[in-house]
Amino acid sequence: MALGKKKEERVKPSYMKLTPKTVLLYVAIILFCVIVISPLVIVFSSSLRTPGNQTSPLALFIEFSGASYAKAFNSMNYPMELINSFVTTAGSVLCIVIFATMAAYPIGRIKTKLARFLYFFFISGLIIPSQMVIVPIAQTLNRLGIPNTRFTPMIMFITCSLPFSVFLFSGFMKGLPVEIEEAAYIDGASLGKRFTTVVFPLLQPAIISCVITQGLWIWNDYFYPMVFISKKAQYSLPVGMLQFLGDKENPAQWNVLFAACVLCALPLIVVFLALQKQFVNGIAAGAVKG
Amino acid sequence: MRKMLTALALAGVMTLAASQTVMAYNHEAIENAGEITITMMVSGTAYENDFETEKLPALIKEKWPNVTFEVTKLPDDNYYTSLKTKLASGECPDMILTQPMYAGQNSCYALAEAGYLVSLNDLDVVQGRQDLASVTYEGDIVTSTSGVSILGCYYNKDLFAQAGIESEPQSWDEFLEDCQKLQDAGIQPIVMGDKDQYVLQFGLYQLAANEIYPKNPEFDVQLRTGETKFTDEGTWDKVLEMYKTLYDNKYIDASMSLGYGASQAITDFIDGKAAMTFDGSFNAAALTAEGAAGAFERGYFPIPGTEGVYTATCLSAGYSIYSGSKYIDECKEILDYWQNGSSPVWHAHLDTGRIIATYGEGADTAPNYELFKPFIDLLNEGKGYYWCNQAWPAGTETEMEVLFSEMVGGQGTTVEDITEGMQEKFEDLMED
Amino acid sequence: MAQQTRKKRKGGNSSLIFSNKMYVFLIPALAMFLVFWIYPVLQLFYYSITNFNGINYNFDFVGLKNYQKVLSNGTLTNSLKNTMIYAVFTVTLSNILGMAVAMALNTKIRLKGLFRTCAYFPALFSAIVVGFIWSYVYMPGSGMIANLLSNIGMNGAAFNPLGNFRTALYAIAIVEVWKGFGTTMIIYLAGLQTVDESILEAGQIDGCTEWQLISKIKLPLISSTVTINVILSVIAGLKAFDYSFIMTNGGPGKSTKTLMFQVYETAFTDLKMGRASAFSVMAFAFIIVITVLMLLYLNKREVEL
């Protein structure tokens, strides 16, 4: 698939004519979207009420108050957790892109059994869930003398992301023409130079895809930060959300809980709305390339 | 060895550390430590202005400006996972919340057996105390706790009056009659949040305290030696059958309760939607809060048994020091200050209304003390028994909860299946 | 000389440009993967033949006893059954929904971007937030659906999907579909956009019905997309854990205990790390077998189509 340059030449979009069949299609799809989005709308509407106001939750947007947000904001220590989430996600994703593109280079280019084996070796990591191996992982960290800091969950995020990312990049690499590299080789470029100046820039669509899919996962994951972070000052947003767990069935606390939910997802929502096209293309590219 | 010790502990026969001569720890450790950070991890839900996560660190700072006391509070399941991972990675916080004997995944016996807990025999606050058997492992007190926890039945006095009930029930039959009266008056008698299956213990342990332990206080010890079994007639079959009656008659509506969370049940109770709920003293603050039904008067009684009233009361969960901590003596200083019966920390802890102190200033003026008094009286009369799961290997109670849910959820499980399942699980867990 | 080259080509790497020197690039990733993933997994195999309880490191070897126990005590059967139902349900529903919506959006429809955004939106939320939101949606009495039912005059109080043994598993599977189908849809949409319009037009001229266009032309052309989507959702379904953990805690009874939840509970509630490891090893083998079989089957179909 030609990435990035899909059918953007739709200069003058010609929409379907309204026939009974297309009307039915519109009705169906609107209804479907309403059903899908309705929990989120109610959550958003409730979060705008004052804490404890539970009168008829289905009456949407009858009150606009920032009180629930203020409460959630303070009890989560939002700015701090936001920064932590950002640092963890950005740091991990950066390392993932570097390590995985490097690893994918030989795997995608060398055509031997060993390279093929390595490819499947990495992919096999996709199948193992982290809950299963958390205790041995903790012991390994202990043996290596790695203390619990904000970097510990990052180590695990990078490691766990390698299978998918190596899979993504090596798949993409196979589709890249070798001729440019041959030219660089003849020009006497070193291996490192070839990678950084020729191959890496060509991987850009796959890199965007990797950043989006892995960033989304890392931002939202609570497991590794929960078990590997000891200091409150290093909590990320999803870990902060855990403290609301007891409130999920307590109507009196809902408005605050919902405000916290919105706050937790807000950065992603903003990024998504701003970069929708890259998002959608990135996710699709990641999978279709495989 | 472990078995024998349990036997001793359960029988309440004590060889307490207090009688031994112990070396005093360094009471000036914090003063000479410079700037330090001490960490603690506990389980539970953080309330507004929370004691552990907010007040405690502030009060410690006030007392020792050079100490930063960091407290993490996690929901139970996450607490257990975190604890295990942190132990495995050698990164356990300096202090952790532990439970008496074998209760739960943070049971002090299991952790002490593995060598993770520091002996607290030299704490000032444990000297001379005779009630710490269930937190003493092989002669070492490993958990510092200042009070007891109760299981009981919270009730709404207004709704009781509405149904024409004048006094608290004194026998099981009376209790059932009262439930019927409430039901006839169109009031939901009992609300439970059985989606959080652990709440099943709240009722069942009270019934066990009534029906099993008075007849055989050694029941659980003998479980370990094989002399008794969960399947023995007139023991757990009776308890489960009694508790099932409440579901059979819809005094507890299983079709609702199985999808109800624990906090939702509490909300229903304070909103006046049900007359009773079984819960512990540790949730008193939430259960006495004002809900949609306003500030109605609440009472708290032990579920009565067929032959008298006993209370399911035990030592509260307490605080232990991790053996790998760099600040063992500092932690001891903190514990001694916290639990000395008169410090500001002590008072702040009592003011939560969630603990029932057995000593110290203000123990009998703490919030909710009036609610708890009848239980304490029973306890002092010797009519109190510990919570069953403290004597069982962790996981036995889960099996009981699962099978009981299946029974009241109409899965065809019988009382016999439950006792057999519990016995099987117990033996399985005792292995290795 | 010539012979030597041929020999080299068969087994080793003879390329001058892509020489074995390139393996140097593999070092950081491979080192991390080996140390923090493969080694702990091997450790797990080792624990599976011990009576390690997760706390006390003085443990003994017990041979294959853990494996026998897992096979005989019924937890495997129950959790396997739940996982299979969950996986089949989520894979089917999210792929059908994802494909249907993708096809609807791949027409010349107005507001396409808005619809796509709506369908994808749930995927942005963390599992824990999704668990919170759906706990509210499903809550009996005062939850969203119960309220809706009451508002239209039905008995909202009786609506209790998580409290019912028959429905709880499907109820949490729906949550998984809600969060996941948007991603599936986007992948299908990308696949469908690669289908050449002219082929479809040719089909129309030949008098194909709408359904024939879909089943005879579109589906075969995007079969590799189907494969990847199905495999991704199968793996996600078999690894199901989050919503059992956050929303139902495995209940009521054992009705929402999935493989991963059971492993977790064995390790952390029953303090049977050894047995949980044996359980993991078997679960791991099971997931591999299922995934490989699915891959083989789907690849075969891809070729046939």
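Labels for the chains are A, B and C, by order of writing; each one numbers its residues from 1.
Everything that follows uses one rule, which is that a residue touches a chain if its C-beta (ideal position, glycine included) is under 8 Å from a C-beta of that chain, and two chains touch if they have at least 3 such contacts.
The shown structure was predicted, so the numbers you read here are calculated from the model rather than taken from an experiment.
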Most distant chain from subunit A, judged by the mean position of its C-alpha atoms: B
Chain pair, A-C or A-B, that carries the greater number of C-beta contacts: A-C
Subunit A and subunit B, separation of their C-alpha mean positions in angstrom: 41
Distance from subunit C to subunit A - Cα centre to Cα centre, in angstrom: 16
Sequence positions of subunit B contacting 2 or more other chains: 81, 84, 88, 195, 260-261, 264
Contacts with two or more other chains, residues of subunit A listed in rising order: 135-136, 139, 141, 242, 245, 248-249, 251
Sequence positions of subunit C contacting 2 or more other chains: 54, 135, 139, 264
Subunit A partner contacts - residues on subunit C that touch it in the complex: 11-13, 15-18, 20-26, 28-30, 32-33, 35-41, 43-44, 47, 54, 101, 104-105, 107-110, 113, 115-129, 131-137, 139, 142, 144, 147-148, 151, 178, 183, 186-187, 189-191, 193-194, 224-225, 228-229, 232, 235, 239, 241, 246, 260, 263-264, 267, 273, 276, 280, 283-284, 287-288, 291
Complex contacts: residues of subunit A adjacent to subunit B: 75, 134-136, 138-139, 141-142, 147-148, 226-228, 230-232, 242-243, 245-252
Residue numbers on subunit A that touch subunit C, as the complex places them: 1, 6-7, 13-16, 22, 25-26, 28-30, 32-33, 36-40, 42-43, 54, 56-58, 98-100, 102-103, 105-107, 109-115, 118, 122, 124-129, 131-133, 135-137, 139-141, 144, 155-156, 158-160, 162-163, 166, 178, 181-182, 185, 191, 195, 216, 219-222, 237-238, 241-242, 244-245, 248-249, 251, 254, 257-258, 261, 264-265, 268-269, 272-273, 276, 280-281, 283-285, 287-288, 290
Residues of subunit C defined as touching subunit B within the complex: 51, 53-58, 60, 62, 69, 73, 135, 138-141, 157-158, 160-165, 245, 248-254, 264-265, 268-272, 274
Residues of subunit B that touch subunit C when the two form their complex: 77, 80-81, 84, 87-88, 105, 110-111, 113-116, 194-197, 255-261, 264, 268, 393-395, 398, 402-403, 405-406, 409-411, 428-429, 432
